[in-house]
């Protein structure tokens, strides 16, 4: 069956020429990202268990959950958490199927705790974290079972949609690049950098302002003087990285709310503000591409935690992003590309109501010469939708 | 001090000429909207108590919370909820100030229960609802107090932003109009219509498809036959309303996932799917203008529950929407208008880093002739930012 | 089948001649009694529902639950609760049976809330109380079903026992009498008397000291002066009642921990200390006869909340008490009587391993002349064990 | 000041000559004992922290808490827990004092988890256990501070009492001895024996029946045949031990509710029934001497979890037991001895209202010759009441 793929020319001011652009990323230790990461870990752990025990991934959606902040008394040299961070697992999962009992609640608690331990390595899992579980029962109807392994394409759970775009703008690349540099290069060397960083990039014309809220880990910082020194050093490091992505002027500011005189700085025991007052929820932070981009089309769906078999709010957001990136990589002449995929409830997920691409062409390129290649790439990706599912389960695709 | 207001011309394909447009609204009884409504009710109740007891609104942010679904056995003629819906209040609030104790937890629980009772009138509050509370302590530092009443303009809590647009597209107007018609006209007459409706509008060129997921209330529906009859009747009613907003073809479908043969229909005891499997969270549903509009710039901030004094994620989203609507109403020649407001942490909220308007002009209009009026309207609205706060506290502005 | 009934003479110093005797009662609003009352209410509500919907009482044990205290700021003239009292329902109940779904969680929540409302009439159920539920699933095995309605005698759930004694000593009668007088006569007239009273009676030889911890309800007491006046008045009233039960000297003291100078008195908003710091649990307070009597044999089993069909920890404690009281009422010559009933798991509940009575005779009476009547009364009561079940379900037998 | 010590002769049928005697012990892994052990661990951990950080033990009472059972699917060779066991910490503790913040919630969670890990070594702490905390704030009034370290004797928190007796009867010795043998000798060799054993001893005349409910650990038992073999072996072992304490006939039965044909046996994954349906609470199991003895005077107070400084419900139960045992060890001629200690609220804990001993003398002994020694021993113990506190904090005194 031919897929309904629409490729049209987009007449629009390119993002780089719009005066104001805003891009934000909440890194892994931000309370909202913690919630996302836990939700996705639980879905992956459940999927693996379902596959192992039942031969196919069963119904579940764990795209819910709440990080309720603890209380802490950070102190230069090392303070402590006084009230544990509380995480409530909700959502639902299939707990029995064909006479097989799947320990879904235990799996969820373990996945959550394992993930927290990985992201917040300095936290005392025995003391500072409470993981609670009120996960409901998923449907056990036979017809609800996802027959992903039997070669049949699953059917869409809802009439919904996903969006994606490529390539990243300078501001987006800066945020992505800085986040990666902090995570891959800086933190391993400077453990004072907590996992909870929020990077906001405001481009106003050709002036780029990067505002970073970065949790410092108190045990690795002996004094306010050292804090200031570290902050200055990191400001420079981040500025240097950011400049690799742009020729615009870049201004970096870390923890702008600090009041040094009053000794009020962004110091934490564990590297996340969830230890002292900031709650978090699934689906409130980054979109599927890892960013919050109000200048771009966005989906409100929480990609994290949804089942990777037939939940459009997950699959189509991931797919649309992959498609856009792949087209830009392989087809010449694309200045900007936006992909929207709309499902029809009950129809195979590889047969969307429409897969629509809008393309802003580079000077000298005609949409008609680009169209066939783009259509074909989209078609290929739809063909291999189940491959997205497998990548998600193996943890190869980030969802936030 | 002069405000930094930027008005520029937008060169873009008007929304009505884009091929695909998606618009969605989760009505008041949808689990995500329930969470939003509870969060905002709590913030309003706290604000009123703070004002009454302390003379000014104290620090709080209750933009958190989780609806954990119950279990139910709906039945034509009247079924029942078997496991109560659980709502967790989190966020934080000031509990003591200057020696005054504010019963914030009790206020929050009461506000939540009152709101649920109002939205789900058929629910048994004594049996089917659990409202739990793990709200943390807000800061009690004197400097954190919001001196809204002393004539000083509060300072922005963060470097953040808000977005808004006007006018509504046809698809947006249809969704808004249908939602209002259901709430104001149909449900009062036909109590079988639950509060949990999700209206999704997909415009593909000139074909408008309206997909409505509507919870039926079982006690008002005696049989599958009556269900079908009511569904057909409501489909016609809704189609008629939708057609008032467009000359495009409109196709309406209610509860497309129904399987009449299997007797599997969207029947509920209380009018919300939260009674049987669907969780909800604050900030996951409608944006500040009541819609989800992936074709428009959106903010990821939860508008509901945030403090209405200085939280940019709340105020600037509300303000940007008001500004855009006001400009379109008062200034001729605006085809579409997008407003973005960016704050600077620590600066007065009426002095944004930039208030940026992008205007797509109607044929025959020049941006330069429009500009002065728009600038002046934006400036007036910023001047009266605190008025937004008061409107929010009085419940005159919807946040979702 | 003949029952194994043993009646023997007890050679022991009669209670009234022992130097030290201690008796205590926690009245209905004490946190432990609240927990007991809620537990029993839930069991009764479940039993009635099971009977109505399934024709027999199904497996459940709700003899668990925790009152977690709230926080309050009582004030003469009327203060307020600042953090709601939290009650956790646990235990377990059958939720499905033979295809019938019993809304056990909803029933439990409703029963708990109804009970709290009855006992604490001044509390705001919408604001000051959180009832949460984590009740597990009871067994659904067919063989576990209690066939009480089919004329078969249920089988003991455990090898366990119950104890009872009669008649009440003077100290016991005083505590019972004072408690009843407070509940039936004083509180209806003087609503300042909260439901949370703890009455401790210490008899040291012929000196009786009655120490009453009595929660005052703040809205009915305008000042410390009025508090003192009311306390003095109530002290006299209680002393007068106590004296009706004894010719010994009686000393009554209310709220001995008060520090009037510091203004530290037992003042509450709602009439229970659960509002401000005192937790409570099922089974920690009064025994089945309504008293705590360290001079008498006691069972550690929580009578409240256990299923009334075959749980020996409930039935035999109630039965032993009834038997002892009935013997003392009907048979002359009994100075004191102690009944112990021991079950055998899996045997019919009317066939205990042994029903043992120890009797301290009055001067001039011989155990052998008393024995036959006592044996026959015990036998009759065992015969009608199921009648105890029905009385419990109808709420005619107090369990704490 | 002379202490009010009363020693009197008790005219009573010695326990060994009473026809029916019942003794019970819930071992460490029984849900009620788990709750007790956790409560006491938390109190000890808090006491140590208070001492370390504030120089004295601050106000706390953690004699509350609820074990809510999980769900499991035990299987010969090794099954698994499907829903984690949930433990709710309640009670209250001082969280700030003189400007010092004590991380009471974090301490409590850690103490609970450490204790569970110790008692249930095969449980997966990361997956099968949820420890939640709703502990309230203790009083922070300066006058409430316990000045145990300043040489002053603390004052009684309440008018309350404690009881104790010695020596143990044969039945009591059997239960104690069998419990110790299982814990110290059998389990280290045979890990199939779970920590959850309930030992009930019924002596009917000279026939002793020992009913043991013993959780088997499934990974150490490969089949129903091995289960039966192990049960038979352990029955013999336990009988042999029991016989060391008596010349009466002893009958031992393990897991009498087993239905071998139906394959229904007491098999568990973790060694405790809390994994599948049995809840537990603090203070519902063993008394301070480790036993439940309905033939002896008992206190209803939960000894575990109460503060060890001035809580009479804890101290006097421990003290009375120590005193009785010491007297019996040191003074000749005591057949049985019962100690009751009654406090007066606000008075020094070493000055009870009365410390009363009742002594049943051995043939040939006169109470008057025994009295002086007993009085002097009681006086010495009261003198060193604070030593009890220290022993409790160091974990040298068992409380259940």
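Just so it is clear, A, B, C and D label the chains in written order, and each chain counts residues from 1 on its own.
The criterion applied here is as follows: a contact is a pair of C-beta atoms (placed from the backbone, for glycine too) under 8 Å apart; a residue touches a chain by one contact, two chains touch by 3 or more.
On a predicted model such as this, the values are computed, not experimentally measured, just so you know.
Within the list C-D, A-B or B-C, A-D finds its counterpart interface, over half of the contact pairs alike by residue number, in B-C. Put simply, the C-alpha centre of chain C and that of chain D have 24 angstrom between them.
Inter-chain centre distance (chain A to chain C, centres taken as mean C-alpha positions): 56 Å.
Contact with two or more other chains is made by residues 71, 86 of chain A. If you draw each protein chain as a dot and join the dots that touch, you get one closed loop, with every dot joined to exactly two others. Interface note: chains touch in the pairs A-B, A-D, B-C, C-D.
Taken in their complex, chain B has these residues touching chain C: 71, 73, 80-84, 86, 95, 101-107, 109-110, 113-114, 124-128, 130-133.
Of all the residues in chain B, the ones that touch chain A in their complex are 6, 8, 10-13, 18-20, 22, 64-66, 68-69, 71, 86, 88, 90-92, 134, 136-139, 159-161, 163, 200, 202, 204, 211, 256-257, 277, 279-285, 287, 292, 294-295, 297-300, 302, 340, 342, 345-346, 353-354, 356, 358.
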